[in-house]
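In this document, chain identifiers A, B, C, D and E correspond to the written order of the chains, with residue numbering beginning at 1 in each.
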């Protein structure tokens, strides 16, 4: 009944259960040391999946096998305290009456480790997340970023075979978030188990995860490495997340694809049949008059939104092929881009990628 | 005692009060129709400021004057129900037992408008945020993005002279957030009062606000238009938010500035005395060997982090002058950039801006 | 039935022609006898309503002192009347007496046949507290009989004392004869010889001066009233 | 007591023995607590002479007492709702130090032996009482009336209601109230349209507690209101009288009392007390 | 009733009149509620003969009764804590339909007239009682002992404790428990190290309610435990007995009872019941 050392795959699971209005049915597998990033729209079933892996929710169908040990299947269910699992949720959920050190020592203590050994271990964990000097602080005396790091240390202090992180950084301001993100990356690099990381922030997912899983409406809609997903999004949601213009379209053999709305796009990499077509926002150039020259795709559009982002601007365009364009601030001023204005958008055919749906 | 039509400035306020461990003292002014974006680290006093403007918290010193009417000063305090104010918090805080329509009609009803007139108004408001067809739904049946939009409609249905939005989009996934953000932009464009928008997301602030106010530790650390702030951040926090490398330094008349840590930076726009110096991450080039040629700043650095961001990568560097560099994914592969590796960083002196502290 | 004393009210249809309400506060031990008296009296005087309220004597006195609108108050023992506000009293009469009696469970597990059996240490005896009349009287009886029974509890009133034997928790209790009668089959009585016994007298105190009230008190003291009381185990004054 | 000292290694997850120990250590006291409360009720049911219950309940005094008990406890519940809810709200929203003293005062009627409570009520509403003396000239007299029964029941039951509802109201998100106020709602409007609808389970729970306490009320009633059949003789007072005469009848009536209350509370089950 | 119909325009914020109306409509009932509860206590204090209180309290029966009351109520409070807390926890975490019936059963001791409660306890623990019959052969007898006082007080007080603590425990974030369990904590360990420390205010509130109810307990005690000085005569029993002899002494003792309880609860003020 004890956790054996890693053998077989790190994580091999399929969790299927009803929750609220939706049916969740999600399969996840990973090698030891891997980080799985889970993304998806609100209410899609991400937290449900995590809680089922932790044993807090029971499976209706499926199985959870971690480090060669069966945690749950149709007939069998280990309680959370019987699993070697670490859980960290969006609210860091520290025990408010315990000091940081005692929060982290709680896991080892609960598993029968002696007081001083548990505290020593807790100290080590706190130092690994850079909080060795705040061991004596109570949660209320910590900033939210520090709280998140203590929660991480707590989850790791029991050497879990499976580490579950549900939106660990969502309550943080950008500064704290950036710092905590890199602390997390550092800490995860040294961790030997499987990590499941739920996040709304594509940056978290892209920077921390080896493998991405998108969950929408209880189902997996796309999986792949970050670069695969960046290149070939396969649902409108994923398209938005990775910042590409994505179209469900029909391709013919002549280098044309036709979108569901009837828009026509020319591409140099045609695929026949049902395809996804993508256009990077940076590949869209805007012009006050109909452009002449190489770009094979030119459309007359109306500007629906102008948003500044750092040193550039994103322009929302509506027309035959709705588009987002990313241009420099200078172009915004030079072309007088503002909501409601009419412009020409041009995209080189080489920038349009298609791949089968 | 009724709200007069706009006269004088839209908002003229200074709120000063103690809250928790910090003393908040923040002045805000705005013309009618303007949107003030408030940013700042966790626990800085943003929500406190908003609640004081709403009349939920009492001022200790200062004043609030909106549309020419005195709402509060040292001796005087109008209760929230006596002010013409609209409030929307991060949790949308809809009344869970009322349908969307009745939530929006709650304000007009409370102010003595008849049932059918209030419902008609509520319908109009719901349609303005694109939810005309969900008027009969209860909050639990709405997605979080829809809830946020109902809360916005509710806050606007009383024609407030001052609209307070505290992290209105923070609970949303990126897709919902993007759509809600543009709905919000559209709706605010048609609103004639003053809007105060608190957010952690720089993108929200940069795209929605006319004027930014940074609150740290209860004080205003920087104000300005988005482009002013983007160009000249004046605190490390603001630097992080706008994505610039920022240094507090001493400038001499010879085109050198020396950072507090003893690093030396060469600039073509020298300023004497205490200065801020900025370097855009995109202006940093990385090299395997010491570069020769035009760049006047070259430093030997160690890579502390590598994070992918969309189609590019951000490289954290430690050395004499800690830096973040933004490079293409190809460079990452070509130079073999990974944590712990040593590289040379080069920055042209023309890219280094300085301005007085 | 009919009234035995001279009617002082105005002439009316049937009976005495009296009318009004007589509010009677009576000690809890008088419950059944006064219910009967009320019925008989109302039958004799159709214009009169008798309202009865039963409680502990102390409670009743408190109620009267604090302005409860009572016409008559009937108490168990003269000492209970002591705290009564004397300015409210119109008249005091004695209308009944009661003597102590031993009550045992019907099965009589301890085999109590006489007062001397209470001296056995195996017999669990329950008495009233010595602050209430039945407790004081019981102590006096034991002193006279020169026995020291095994008292396991002293109760705040007769009711609580009697409950102990009804539920067979006590082997014997000392209560009033009328209580043993009222308990019917639930307990068995064992008489205490007269020379050892103590008599409790029941005063009836008139608080209101109206004719119906006077008539009720007179009825209580009449032969007919006395007969009723006797049927419930009370003696004549 | 696992004495482990495993260097930096952490012990494996819990074994079955520990889980069972935990269940026993918690389950046994809980079972004992439940038994302590339930066995006496079972004893009462076992001891009752069920064949006699119908005839016992047909006793002519039972129906008026039942009717009076239901009437007065309903009025008491209504008074709790009307008067106690605003009081609970003021207590819940106030941080003033006086609040905790007001709350401590509220518990006093719980500590007071009910008979003394009845005396205190007599001292208040009696002919010469603190308030009663001003009513006497108008010919209003309260002791020995049904009004007195209601006052006595309210005196003992209201604290339970107020404390329960205050607890529930403290659980409300205060920001909901802030939002309602910015929308222009007065305290009253907020309470009626949002506050009360959202703490309905708490209110139902408080009402159940208060109603149950009022239904069982004896000492204060007999002292303050007397024991007049049809006017102030509620079920517990009838039980008291019958206990003197025929305990079996008293037990039958008590069982009816239990049945009525469990039924009424059972109907509210799942909703009341959250 | 504002009859407004102002086309699309929305009315201005609230005027002073409306705010005052709201305050009156809420403030007056709250004040009435408070008065209903507080005036009788004031009447008791006014009526007391303060000069006599010291000598009244010097009566030799008072000290043993006070000591007994404090001892038994403390033990009752401890029993509530030890037995009632696990029960409250099981009720709080369960969604089973049986739970709401268990909760309804818990309120029965509240409805039962205390004297009948005492009878039920005698039927349980008495010589021939449901459980008592198995104790008799061992020479164990419970009625008329201090144990009986504790049992009676526990019977009436425990329901208040359990219901209060259950409410508090339902307010706990269930995710805290999930996290503790993933860390390897058993139910028992979670309850001792996290659950109980976090609902301490609720536990204190429940203890205060239960303790107050036990301190005032009269009917069940007198019936089940009798009234033996120094062994089962608690303060309320002494009050009752003295009421019979000298009401002034009874009032003096009651006032002491009030003082003790308000003081003890006042010390916990602000902390107990949240």
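The rule we apply is simple: contacts are C-beta pairs under 8 Å (C-beta built on N, C-alpha and C of every residue); 3 or more make two chains touch, one makes a residue touch a chain.
Labels paired with UniProt names: A, B = Molybdate transport system ATP-binding protein; D, E = Molybdenum transport system permease.
What you see is a predicted model; the values in this text were computed from it and never measured.
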**OP:** Indicate the lowest number of steps between subunit B and subunit C, counting one step per move to a touching chain.
**Re:** 2
Subject >> Homomeric contact subunit A-subunit B: same or different residue positions, threshold half >> reply: same
Subject >> Far-end chain from subunit A, centres as C-alpha averages >> reply: C
Original post:
So how far apart, in whole Å, are subunit C and subunit D when each is placed at the average of its C-alpha atoms?
Top reply: 35
Subject >> Centroid distance [mean C-alpha coordinates] between subunit D and subunit B, Å >> reply: 52
**OP:** At least two other chains touched by the same residue of subunit A: list those residues.
**Re:** 79, 81, 83, 107, 110-111, 158
Subject >> subunit E, residues touching no fewer than two other chains >> reply: 11, 13-14, 19, 119, 123, 184, 186, 189, 240, 243, 247
Subject >> In subunit C, residues with contacts to at least two other chains >> reply: 59, 62, 163
Subject >> Footprint of subunit D on subunit C - complex, ascending >> reply: 23, 25, 28-29, 31-32, 51-55, 59, 62-63, 66-69, 159, 162-163, 166, 182, 184, 186
Original post:
Mind pulling up the subunit A residues that touch subunit B in the complex?
Top reply: 40-43, 143-145, 170-176, 178, 181-182, 185, 189, 200-203, 206-207, 226, 230, 236-237, 240-243, 280, 282, 304-305, 307-311, 316, 329
**OP:** State the interface residues of subunit D toward subunit E in the complex, per the touch definition above.
**Re:** 11, 13-14, 18-19, 21-23, 25-27, 29-30, 32-34, 36-44, 46-47, 82-87, 89-90, 97, 100-117, 119-121, 123-124, 129-131, 151, 154-155, 158-159, 162-164, 166-168, 170-171, 184, 186-189, 191, 205, 208-209, 212-213, 215-216, 218-219, 235-236, 239-240, 243, 247, 250-251, 254, 257-258, 261-262, 265-266, 269-270, 273-274
Subject >> Interface residues, subunit D side, partner subunit C - complex >> reply: 115, 118-119, 122-123, 126-129, 132, 136, 141, 143-144, 222-223, 226-229, 231-232, 240-241, 243-247
Subject >> subunit D-touching residues of subunit B, taken from the complex the two chains share >> reply: 51, 54-56, 79-81, 83, 85-87, 89, 91, 93, 95-97, 106-107, 110-111, 154-155, 158, 160
